[in-house]
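These notes open a run of structures that come right after.
In the two complexes below, chain A is the common chain; its partner is chain B in one and chain C in the other.
Right after this comes the complex of A and B.
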């Protein structure tokens, strides 16, 4: 087990080192997420006032879109010089590589959310600071669920020709339950009369999805990545 | 084998021809002040619920066959999964069409964003995505779609219990066990008819895929010579 964690840690550290040196994915993803928020701001704000629950929806849609972009770019990088194949050839357990990749994506998206959430709070008068811990947990569990499926499919699609089209086609239907739970939970917190109980009910559902998705991904990663 | 198919097809035709008469003879639902419209529209239950049951079965067949293909690399399992995946979409379409037809009379609206309806639509979309990937995924699409089916199968229990967990306006799964004796006969008859139809379509579709694979194999052999 320590070996498993060590491999996961090394893969994650490698991904983050590459990212810290180039900052390519981080900058483009943050910019894209902010642009998403602005597009929605024009669509869902009427006479200077946002629609009910718009803030929660906009936040999660931006996270999902930006997440898809980040997943695509991260694995595109691995395609150059066939580094993903080299990683797969390493004499180590494949699920550990998956976990490392997953952690890298989750951390990247959490940084993006750190920019996105205050922006949504500012532009849509959402009370993001009223229940900071519950909101942060919702975001963390939602990001894990989304990235668990995303990392699996993005890794599989590295070899496919139509990967740019296929990633959203595969990813969105499966992760909609996560988005629903995230949006409803966040909307419960952003309500004029916030309901922490309701948010925690949705959070429990997110944890349930995380467990199912991570288990299934760990189980299928090995046969899926075998050529 | 061919004779068995023909027998099955004949039985399915007879069953689907007889079913409407039996359904019309079934007792009405016990709802106070129900208009004749509502009493008539509830009869769609005899098609809606069996097709939903078959859709769930088909999703399980597709998911399990896909897992077999992923872990054991059995081409036969892949062909079975392809056939079952298409049938999920077909029977899901029946569910999604008959549901709103009834809802228009019973609830007054065609569609309600309710947990059961949303999750069924979602499951249907997952299997539609499954077919898209199979068709346009390029090389390696069989394994990609197999993973999709495994995740789609994980969605089935969630759809099934969604009506019981969340307060929704869709009738719960307690409706079937509590049917009145007069309705039970035609209901299970319809379930049998749909299961028969499903098995026939599944077997035929899997056979077609097998023949197609055989032809391709023969082409390759002919090219080599």
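Right after this comes the complex of A and C.
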């Protein structure tokens, strides 16, 4: 295996081992996402009928909020014993460390989404099973785009005193196109007359954002992490 | 992958954080088989200098030469020749002792990881606790494990930031003995410490920093307390 991929795999596996052992970030994030969906369901579902297109919006806003929480907690863990510095000291390509952290966050968020999506389907009567592959692809590409920017900023802010405020302030404006593409693509699938073509068009846009965000993050990670 | 050098030269290095000056025009040299101590009051710039030597911080001005090359010229391969025992220990508390060592050994591309990890655990006196998670260890046990983690890849330059903090007398004696072994093996050691008793037993040369400036750099030779009194504990005029 090339060294770049080996390092990314090592970092991702380490993050998952730590998470499986503590389950701290997973439980917190799932609980937060579920609470978010429940609160919106109480507000937006009247007499068993949800507002039009609410399900897609609620699903993506819950993913974004839960994702921000997961990013903050994951990097807080690296800050605690300054282990991010230990990773930066390793004689490896620093972008490989970024990719490892990114994969760990993406996998964690996909687990959260596996709980979130059926709940949205149940509470908002969203037809989540009508186009499962297209819906899953939208979620995967959207999660990658959101996490690509989030991982970069969370790593960059790990030693900043105001990191909890700065992360959402920096992250949301930049990831708005990803959230919009995710919401519009999912809404096209949840429509009473679903349009797979429209969903695929939004998915293509998500893939484009992923390529741009991941490339820019790989390019800027090394200089941004050199203090 | 790593490259060898017998001398590290800090040349006119300054580091600023905005308007705050952490280091100002510091120049010193550390050589193979030598233990250089960095002394000074809190906020003197000792940890900043250590972080610059570790390539974690870039100097605002000046340069550090590892043998013939700077960190920028050497690239990531230089980091394979550096070992850093930080005050925060750089260990994952949720992982076991063996998992921590295995992870870093693989990250550093160390050959024969299982044998290296077992040897490191033996040296740290933690062979019987290899599968226990680090969060349950005492400060002394974590400190010993962190030292072995920093030495897994056999670095040429070892940087230690207050390595004796929180250790009992037996652990301090064991750590001093281990550092002497490394000095005898030709490693370059730079130690930040406030412990003058240990400094007298270990250091070959001492550099005193105050307000980001190098105010003294001399052979130790029993003069550590003299330097410390003159530059650190002497009341301000």
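Methods note: the second predicted complex is superposed on the first by the 225 of 227 C-alpha atoms of A that agree within 3 Å, B and C clash if a C-alpha of one lies under 4 Å from a C-alpha of the other, contacts with A are read in each partner's own complex, and residues count from 1 in each chain.
Just so we're on the same page, contacts are C-beta pairs under 8 Å (C-beta built on N, C-alpha and C of every residue); 3 or more make two chains touch, one makes a residue touch a chain.
Quick caveat, the model's predicted, so the values are computed rather than measured.
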What does the overlay on chain A give for chain B and chain C, a clash or a fit?
fit
Check whether A:115 is in contact with chain B, with chain C, with both or with neither, and answer first, second, both or neither.
neither
Is A:152 contacted by the first partner chain B, the second partner chain C, both or neither?
first
On the A-aligned overlay, A:14 touches which partner chain: chain B = first, chain C = second, or both, or neither?
second
Check the residue A:45 against both partner chains and state whether it touches chain B (first), chain C (second), both, or neither.
neither
From chain A, separation angle of chain B and chain C (C-alpha centres, steps of 10 degrees)
90
Taking the superposition as given, does A:169 touch the first partner, chain B, the second, chain C, both, or neither?
first
State the minimum pairwise Cα distance, in Å, between chain B and chain C in the overlaid complexes.
6
Using the superposition described at the top, list the residues of chain A that contact chain B and also contact chain C.
none
Interface residues, chain A side, partner chain C - complex:
3, 6-7, 10-11, 14, 17-18, 21-22, 80-83, 85-94, 226-227
In the complex of these two chains, what residues of chain B are touching chain A?
70-71, 118-119, 122, 125-126, 128-129, 132-133, 136-141, 143-144, 147-148, 150-152, 154-155, 158
Per the contact definition, I'd like the list of chain A residues that touch chain B in the complex.
149, 152-153, 156-157, 159-162, 165-166, 169-170, 173-174, 176-177, 180, 212-213, 216, 220, 223-224
Could you list, by residue number, the parts of chain C that touch chain A in their complex?
1-2, 51, 54-58, 76-80, 82, 84, 86, 88-95, 99, 103-104, 106-109, 133, 153
